[in-house]
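Look at the two complexes coming up: subunit A is in both, with subunit B in one and subunit C in the other.
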Partner chain A sequence: MKALDRLLPLIQNETLKIWKKKRFFVIVLVLMIIIPIFTYAQHRIDETNKKNFKDWRNELVQQISEYQNTLSSDRIPEEWKRSRRIAVQQLQYYLDHDVNPNSPDGVTFTRSFLSNAVTLFFPLLVLALASDLVSGERTSGTIKMLLTRPVRRWKILFSKLVALSFYVSLTVVVSAVLCYLISGAVFGYNGWGMPVFTGFVIHGSSVESGFAHAIPQGLYLLMEAGLIWVSAMTVALLALMVSVLVRSTAASIVAMMAAVISGTILSNMASSWQSAKFIFSVNLQLTNYLAGSPPITGMTLGFSLVILACWGITSLIVSFFVFTKQDILN
Partner chain B sequence: MQYASQEARQSAQQDVVLSVSSVKKQIGGKPIIKDVSFEVRSGEIFGFLGPNGAGKTTTIRMLVNLIKPTSGEILICGEDIGRHPEAALRHVGCIVENPEAYSYLTGWENLEHFARMLRGIDNARIREVAAIVGLDSRIHDKVKTYSLGMRQRLGIAQALLGRPKLLILDEPTNGLDPKGIKELREFVRMLASQGMSLFISSHLLSEIQLMCDRVAIISRGEVLAVGTVDELIHGADNYVVWQFEQPEAGRRLLAGDGDVELVPEHEHQIDESLLGMREAVITAMNPDRISSLVEKAVRAGIGIVSVHCVAPTLEQLFLRMTEGESIG
Partner chain C sequence: MRSLSSGNLWKIISISAVLSTLLLVAGFGFAVKDLLYPRGESFAGRANVPALPAGGKLSEGKNIEITAIGDSLTKGTGDASGEGYVKQVVALLKQKYPDTSVRLNNNLAVNGLKADRLQKLLESDKGYSFALKQSNIIVFTIGGNDLFQIASGTSPGKAADGLKLDKLKSGLPQGLNRLAQVVKRLHAINPNAQVVYVGLYNPFYDIPEYRGGSLQIQQWNEQAYALLHQYPNMTMVPTFDLFENAIGRYLSSDHFHPNHDGYAQIAARIVQSLE
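Our next item is the complex of A and B:
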């Protein structure tokens, strides 16, 4: 308890600094601009669909046949085909159970927005928070003031870590809430109880729907947010490490962005390079496991969680080791 | 007798606020600090004098645990900075190089921030230090609107927050105007009179002379000498600079006097700004002889524009200490 009493003021300091730097305002502002754009885009898609299909079932049927056409083409790479095959089986399942997977409502929009945002958009927001956490103090020279106070260095980094975790969590929650509120104004605020299927188990190229079960969409959204939090925290821990190691904030953002983007590209090429599944950024799209499509064959949710945990813990160890030992020369 | 002297030595040791013994530092295989030892006693103003690049800032960074020495020991109020940084740094306030502050916070928020890193500092103390440095009127403005002088004050306020026994200032007069420098000197003396020890680094001998009681002189990572300012500076050549209405006649008059030694142009290393526009005759001589020489000049009909004594520069002091070896 006594140790906590000493840590709380430090955590307050770090939280206050991120707040006063207006980083979180920037994130909220970005969300306030992006979400309405996507809401409008979704609205246009819905209108087109309504014109083309009187019934959503027709739409599903057409989508299935489209996918099946691509499956017969020779020019499509194998892992695309595999994911298409899985998608076809899921769509068939929705069709058989009379569930409209794309019913336009606030919760459905939020669900798909969050799952699309997990590989690039959330990492970007996290980098806005984490990248200058330590390197910024070096650039401004305030690190000298910070480290010459009678406080152990690990406590300072720990308080930065706590403040960062707090803002990352807040970002995930605020994104979901803003998304629901803004899209709900157009699509309506319902959809919490709509059944969504999850628990698909993939064996090779076939989806085993034996474990698939319907859960209320609200619960699905909650699970999704949890997984997004895990992947966002991994990015945050890595960004914190880079921020400790690299003096310049710009360099640390570029390094992290490169890692994240190359991960998404690599997951499309992974049929020939299986070891790519050990790269953290290939594992960021955890939400896909809920919907039943792994980025690389043979990957499971458990596998991805373990890989992300390894990356996170390693970067924590490196951060704390370097931060407590390093000489501050400038 | 022996007992008493032992007691005296003990109390002298207790009075040592900062003790640095044979500290060395290598960076990338290169010895940056070769051997630095000195002691700072309580209530004294200790100067740390050396040219740029001599290792002053590196040494200061080791004093406040920003850099870990390769070997040697640093004790602050008896606490080892390497082993118990929390205990040792409790007694220290410092400004390393420039006074830094979070520019997106107000002065007050900056002080609050650093107060939270100390124990038992309340708002009354923050108000007190803001008033001590004379920043109370602008304390609630954002730091990005502050001038360099105000940032300096904020830095000092921050350093004073925890009522330190030792205040470390790295080149504190850098960037200050003459009025600011004068205020700073008075401020430093005021703090020392309250029992605080001050450690002030500078590359300007004149500044150390005006401010400090004792001084350590460092060059190329080694302490050349530690002593009182008078001890070290006494005996260094004082120059007397003459400016005449008729420079040639004046020069001849001075050259004719056996006690006066004319210093050639390339040897004196006096800052040109001190010499002014008029041609000057620089001499090494006993200042007591000035009035009689002035009389002589007046009798000879040579008009005198000015006569003044110039204190030796750091450069000269080094030349004397290292016996001609130039400083780098």
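Our next item is the complex of A and C:
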């Protein structure tokens, strides 16, 4: 209890420091701009579909047929065909059970926005928070004041970590809430109880639906947010480590962004390079497991979680080791 | 926010952050439990029953709903504008019946589709039967790939060398048998719609050694018509004559599929047959 008494003021201090840097305002502002744009785009798509199709079932049938057409083409890479085959079988499952997978409502929009944001957008927001956490203090020189206080160094880094986690959680929740509120104004605020299918088991390119089951979309959204939080936290831990290691904030942002972006590119090419699945950024898209389409053949949620945990724990160890041992020179 | 003291601000941030974290961790827990220990659970759902359109004369009904199924001809392969005959049929019907709403329900054609596969789709695919049940016009092409495969022993779309006309002759009954199954399923799904089958043509009429194939194609067309004749709502439009002397005008550069003008002629014939 006594240790906590001494830690709490430190955490409070770090939390307020991030708040005063107005990073969180920037994140909220970015969300307030981006979400209406996507909402409008989605609205236009819905309008077009409404004009062309009498019923969502017709639209779904057409989509399945188009996917089947790409499957018959010899020019399409095998990896794409595999994901298309999986998608066809899943859409067929929705159709067979008469459930609309893209019903136009706020919750559905939020669900698809979040799952699309998990590879690049959330890491970017997390980097905005985390990248200058330590390197920023170094640039401004405040690190000397911080470290000359009679507080153990690990406590300082730990309080930074806790404050960072606070904002990562807030970012995920605020994104979901804003997305729901903004898109709901256009699409309506319902869709919580709509059934969504999960638990498809993928073998190669065939989908086994024996374990597929329907869950309410609200719960699905919660699960999705939880998975996003885990991948965002991994990015945060790595960014913290880079921020400890690299002196310049700009360099630490660039390094992390390069890692995240190359991960998304690699996961598209991973069919020919299997070892890419050990890179953290290939594993960030945890929400795909929920939808039932692993990024690389044979990858499972357990595998990705272990990989992310390894990267996260390693970066924690490195951060604390370096931060407590390094000399602070000018 | 400026009015908040930093103590209060800290309380608000920390409490909401801790609550958010707990919520997210719970969500993560649910997700892991659900994904690592999935429990198969049957979801009954509802049966998707489309509203059936009225049968009878098209000019008397309020709307015309078209569903197209079949192979690359229905898909419109070879037409640089992407319209194929299906979209042109829709446009022509709009001209023919200006007071009626005409819409394409679905074009479910798949490149390279063969009759046996189509029959399976009609049997098991709920999407197909859903779309077909809604419509009062069904247009389809099928059989070309079956015959091509029978004649060449390879997959469709490959080079034309090595076609065996005698194989085509012996394989004809097999292909027609598949067509008969398709027609039967189609009638079972929607007995009221006007069904138009587009007859086959010989895309190799201008190659002397394959010119004889036209006779086999004609055999196919004749027997296909006999199959459709059993059902008063079904008919067939011929296309073989378009691709004989005018083959250069109507065939696309792949020497297999019609081009835009070729599809336009097919569309015109389909629309002529509908009333």
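Keep in mind that, in the parts below, the second predicted complex is superposed on the first by the 330 of 330 C-alpha atoms of A that agree within 3 Å, B and C clash if a C-alpha of one lies under 4 Å from a C-alpha of the other, contacts with A are read in each partner's own complex, and residues count from 1 in each chain.
Definition applied: a residue touches a chain if its C-beta (ideal position, glycine included) is under 8 Å from a C-beta of that chain, and two chains touch if they have at least 3 such contacts.
These numbers come from a predicted model, not from an experiment.
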{"item": "Joint occupancy of subunit A by subunit B and subunit C, clash or fit", "value": "fit"}
{"item": "Subunit B versus subunit C as contact partner of A:Q12, first or second or both or neither", "value": "both"}
{"item": "Subunit B versus subunit C, judged by how many residues of subunit A each one touches", "value": "C"}
{"item": "Contacts of A:S73 with subunit B and subunit C, given as first, second, both or neither", "value": "second"}
{"item": "Contacts of A:P150 with subunit B and subunit C, given as first, second, both or neither", "value": "first"}
{"item": "Which of subunit B and subunit C A:D98 touches, first, second, both or neither", "value": "second"}
{"item": "Touched partner set for A:V61, first subunit B, second subunit C, both or neither", "value": "second"}
{"item": "Nearest-approach distance, in Å, of subunit C Cα atoms to those of subunit B in the combined model", "value": "9"}
{"item": "On subunit A, positions contacted by subunit B and by subunit C", "value": "12, 16"}
{"item": "Subunit C residues within the subunit A interface of the complex", "value": "6, 9-10, 13-14, 16-18, 20-21, 23-32, 34-36, 38-41, 43-48, 50, 65, 75, 103, 105-112, 125-128, 130-131, 134"}
{"item": "Subunit A residues within the subunit B interface of the complex", "value": "9-10, 12-13, 16-17, 20-22, 140-142, 144-152, 325, 327-329"}
{"item": "Subunit B - residues contacting subunit A, complex", "value": "27, 61, 64-68, 85-90, 92, 94, 96-98, 100-105, 109, 113-114, 116-118, 158, 162"}
{"item": "Subunit C-touching residues of subunit A, taken from the complex the two chains share", "value": "11-12, 15-16, 19, 54-55, 57-58, 60-62, 64-65, 68-69, 72-73, 92, 95-99, 165-167, 169-170, 172-173, 195, 197-199, 201, 210-215, 219, 222-227, 229-230, 286, 289-290, 301-302, 305"}
